[in-house]
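First chain A sits with chain B, and in the next complex the same chain sits with chain C.
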Partner chain A sequence: MNKQQLPIAAPHLLLVLYCIIVSFAPLLFLFTTSVSTTDPLTGQVISYGLNNFQEVFYDTYYAVQIAYTVGLVSAITVVTLSMAVPLTLAIAKLKNVARSAWVVMLLASLALSEVLTAFAWQLLLSHSSGIPGWLSYLGIISGDKSWWPSFPAMFVVMVYFSLPIAMILLLPAIRRLDPFLIESAYTMGFSKIAVFFLILIPSLRGPIFQTAILTFLLNIGGFVISQQLGKPSDWMFAVFIADFMRTFNVPFAVALSFCLLIAVLLCLAVANLIFGRKPVETR
Partner chain B sequence: MSQVFDGISLRDVAVELDGNAIVQGINLEFAPGSFTSLLGPSGCGKTTLLRVLAGLQQPSTGTVYSGDENITENTPAQRDCGMVFQTLALFPHLNVIDNVMFPLRRLKLPTTSMRERALDLLRMMHIEDVAVQPIDKISGGQAQRVAIARALAQGPHLLLLDEPFSALDAELRDELRTEIRVIQKKLGISVVMVTHDQEEAFTVSDKVVVMNAGCIEQVGSPSTLVLSPETQFVAKFVGRRNEINCYLNDGCLYQSQTSKLVASDVTPTTVSESNKYKVYFAPDAVVGSGEIEANVLFHRDAGGFPQICARCCGATIWLKNLWPDSPETIQFGLDMTKVFVFSDKQCE
Partner chain C sequence: MKLARLLSLTGLSIFLYTPIIVVLGSSFNGPRQMAFPPQDPSISWYTNFFSDTSWTTSLFNSIVIAVFSSTFATVIALVTALLLWQKDSKLHQTFVGAVSLPFLLPGIVFAVSISLVTASLGLLGSLVGIILGHTALLVAIPLVTARLGLAQIEQIQVEAAKLMGYSDRQILTKLVIPIIRPYLVAGALFSLIISMNEYIVAFMVSGFSIETLPIKIYNSQRYGFEPTLSVGTMVYMMFSLVLLSYIAASGKLWSLLGIKES
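The block that comes next holds the complex of A and B.
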């Protein structure tokens, strides 16, 4: 490489360097950790082998947990996007001032950490000071039970947590969409519902797919909301990983992480295969 | 949707948006098989009027008739019109033929007949070879043709074009507007086209509606608008005429600033109470003998029609070049058969 080629190659070299430092090196370090066996007392490595992975696949327990987590996060992604697309379309249609107010509100809700969000919802769903208490006081429901921990509570809060992110991600793409696409379909005699499904959704396919991937990735590793608002049977896979980390069985926790990572990569590959390609009409 | 199209008319139509009057007092008739252009500067309400015709914009007051039927409340689907938008609004997720077939989906026709109809339209627009191309892979001219083909797919009686050729180069624009006129004649449909380009309006239209500030200034054939402008705006806007401020004294017009004689025996189109008039004339209305003075700024060839750009009483004017020796100052008169005199609207 001569001096003239260097400025052109520099960004690529930086990118390679970045990948090595941020991705490959930690991944290699984690993989090394996952195949090691440590002394529980001293924490020193005793040997290397695939023991941890063998333990993961000793029975179907962890595989089922991974499948449950992937399924749950997929459902959360679908519900989030089903709400985010029409809501973002409605916000995009607003005048500048109203739209800016909504964007500020969405960004403000993003400023809350997962822990604070979970805690706030615990209060909101508790019988002593939250919605069930008020409804019970008004005589609309009977009983004195909090609505958490429960699967619905965990699910709703995870959707609540993902929704502003999805909307913020979708808003620029929806604003860029040619408004005449919709009007031209109206002049062709299509109803609003038909326009939504036949024009808007396919036209926003790329941004929706990207938002779905990001929402999925954001939730797959989440454990705070799951642990705080779900019952132990509802917990996601990241809770198990965190538990093994807390009990100093780091190699096994890392092995579990690797299994989850592989499952996620497989899911993404399948999703890309199904939704990532441009649609070809076959009339 | 009626099977026989008796033309469409607007009666006392006004549109207000956010308290602002966008168009007002519009009375227009679009005859079957006619080609009408809505001509005017940006923001004069041309597109709003087109949207009223399409049913995309409800008028605040007034009615829209299709023949004798009041269609003011009808949805776009019930209007029997196809529309080409300024952005073309081609569906990005569909290829060329699917875009053209899209309007036919609502009619629930068999796929083969939809495909045949779409291919016929693509053939008519000379773009059958790009039928299976994605929309983002075709040229601007081809995209324009796809948009027109799609608008014609349902066989509308009225085709609405919103500045359809504004993004194209001059050659392609000329080619397409000729083609759209040929198609209009062949199909016998009515076309309403919005444009701010006079040449475009005059080359294809039977009738031109000149609009300004939400109102109709004049309706007429291209030749009527050029030869007999009825308002100050039309006199200046159509033909991009020069403008000189004058006052009237004993039937003679004098330049406001220099009191030089502009013309004698003048009868203005409109009378000014403040005795302030505007004289409008095209570059070819200039004659060598006269008292009007101007300082020459530069000469231009203008494609075989030599012209002079000059400064006359603070205004920049264009004149036919009658002075081959390129003087710095010129004196000229006007051929009064080509001059229009109006009272100065701003001073009334």
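The block that comes next holds the complex of A and C.
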């Protein structure tokens, strides 16, 4: 190897090694562990087979839980996007200073992790330090119950967690929209609602789809908000995986992770098939 | 229309910031229980936080992990971005896809799978293991900012440098790196913030023997709420705000978000 080749070969080697450790090895380990059976005492692999998957699909319980989680996260994605698009449009129309302030505010709130977000909302929804206590003090409601754990609490907090990220992702695309397109629509007599649904939404189809995919991926793999704010019957699939990891039933937890990954890939493929195609241009 | 915009943005700011204000207020509560508005306000929980070694150790662990993983992630991202910038080949595109993959996998799936890798390397329950997990997770972020920075370099600048007799190494150190430096710094800072806040990967790789601050906050909630939890949350908020303000003050915020300002 001569001196000319050295600087080029070194980064390639570094990246190949890195990709093997952090990208390919995890997927390989995921697959091999999911089809392994280990000795509960020593943790050594005894045999390979589909036992873990047979246990997962012994009845419909986990399949129903995956379907529930996919449905829940899809609903969270739809609600988040329905709020994010008009709110981002409102921010995009602001003057420079106000818009900059909003971007910093959004970035600051999205810097809160799942754990901190869940904790902050537990306080806000508690009777001692939050809304139920304030409303009770004002005589608007009676009783001394906190509003969590509950399904609405979990749902709202997951939307709260996703909203700033969705808005930050949408903002560049909305800023790039051609203002003449909207002005011409108004000149042609379109109403504001017609402009929103017939001009803005179709123009933003690509960015909305990409943001929806990222919002979906961000939420489907999380478990903290679901576990902290929801009742056990509301918990998402990732909670089961985390619990089996905690109790050292690793192969079964890995098999569940593998099933979740397959379900997510199927969802993405279906979403891409339905929404990912470019609309047929008509003249 | 302006009124509707004002109302919707006011509603948004209340929605986003009320939980944070409640946490801030409760961190100044005098008694042990959580209350808002704070009763008998005091900063005793702040002194308690910084004098309790279990809290300061977890904060120190978080900082060490965040500094190392964001640095390593930025180096890997820089190498990947430079290779693709030099030559847009299938191999280099595969590198970009492969290093971004951990960020795109569902969080729990990546956390479980990287914990298996760290276990096989004997790194489960070590700071090095969590640093590896966070590096893998975060590379995608400085990769995006580095590519945005490289997109600012025009071919004519590279040609001019070559005409002036610059070697490839000089072009890299005297032209490319100075132009993309603010983008790399911003990418590193974004990944630093995310690493400080990350819970799932840290929890899976920590093997119950290491506590980062998010793990400590999560674990402490099992023993009931006390204002120290709010202090931990506020320390994190302030940390993130300082770093974000620095990025905003660098003047590159808009181009980092992919927005061209008029």
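What we mean here is this: the second predicted complex is superposed on the first by the 258 of 283 C-alpha atoms of A that agree within 3 Å, B and C clash if a C-alpha of one lies under 4 Å from a C-alpha of the other, contacts with A are read in each partner's own complex, and residues count from 1 in each chain.
To be clear about the criterion, a residue touches a chain if its C-beta (ideal position, glycine included) is under 8 Å from a C-beta of that chain, and two chains touch if they have at least 3 such contacts.
Here the structure is a predicted model, which means the values were calculated and not measured.
Under the clash rule set out above, the superposition-derived model of chain A with chain B and chain C shows the two partners fitting side by side. Of the two partner chains, neither chain B nor chain C is touched by A:78.
Once chain A of one complex is fitted onto chain A of the other, the partner contacts of A:202 are limited to chain B, with no touch recorded for chain C.
Judged by the touch definition given at the top, the superposed model places A:186 against chain B, while chain C stays out of reach. In the superposition on chain A, no contact is made by A:45 with either chain B or chain C. Of the two partners chain B and chain C, more residues of chain A are touched by C.
Of the two partner chains, chain C is the only one touched by A:119; chain B is not.
With chain A as vertex, the superposed Cα centres of chain B and chain C define an angle of 80 degrees, given in steps of 10. Superposition on the common chain A brings chain B within a closest Cα-Cα distance of 14 Å of chain C. In the superposition on chain A, none of the residues of chain A is touched both by chain B in one structure and by chain C in the other.
Listed in rising order, the residues of chain A touching chain B in the complex are 178, 180-181, 183-190, 194, 198-199, 202-203, 205, 278-281, 283.
Chain C makes touch with chain A in their complex at residues 1, 5, 8-9, 12-13, 15-20, 22-23, 26, 33-36, 76, 79-80, 82-83, 91, 95, 98-99, 101-102, 104-117, 120, 132, 135-136, 168-169, 193-194, 197-200, 203-204, 214, 217-218, 221, 225, 229-230, 233, 236-237, 240-241, 244-245, 248, 253, 257-261. Across the complex, chain B meets chain A through its residues 54-56, 75-77, 79, 81-83, 85-87, 89, 91-95, 97-98, 101-103, 105-106, 111, 114-115, 134, 154. Listed in rising order, the residues of chain A touching chain C in the complex are 7, 11-12, 14-15, 18-19, 21-27, 29-30, 33, 86-87, 90-91, 93, 96, 100, 102-109, 111-117, 119-124, 126, 128-130, 160, 163-164, 168, 171-172, 175-176, 192, 217-218, 220-224, 228, 238, 241-242, 245, 250, 253-254, 257, 260-261, 264.
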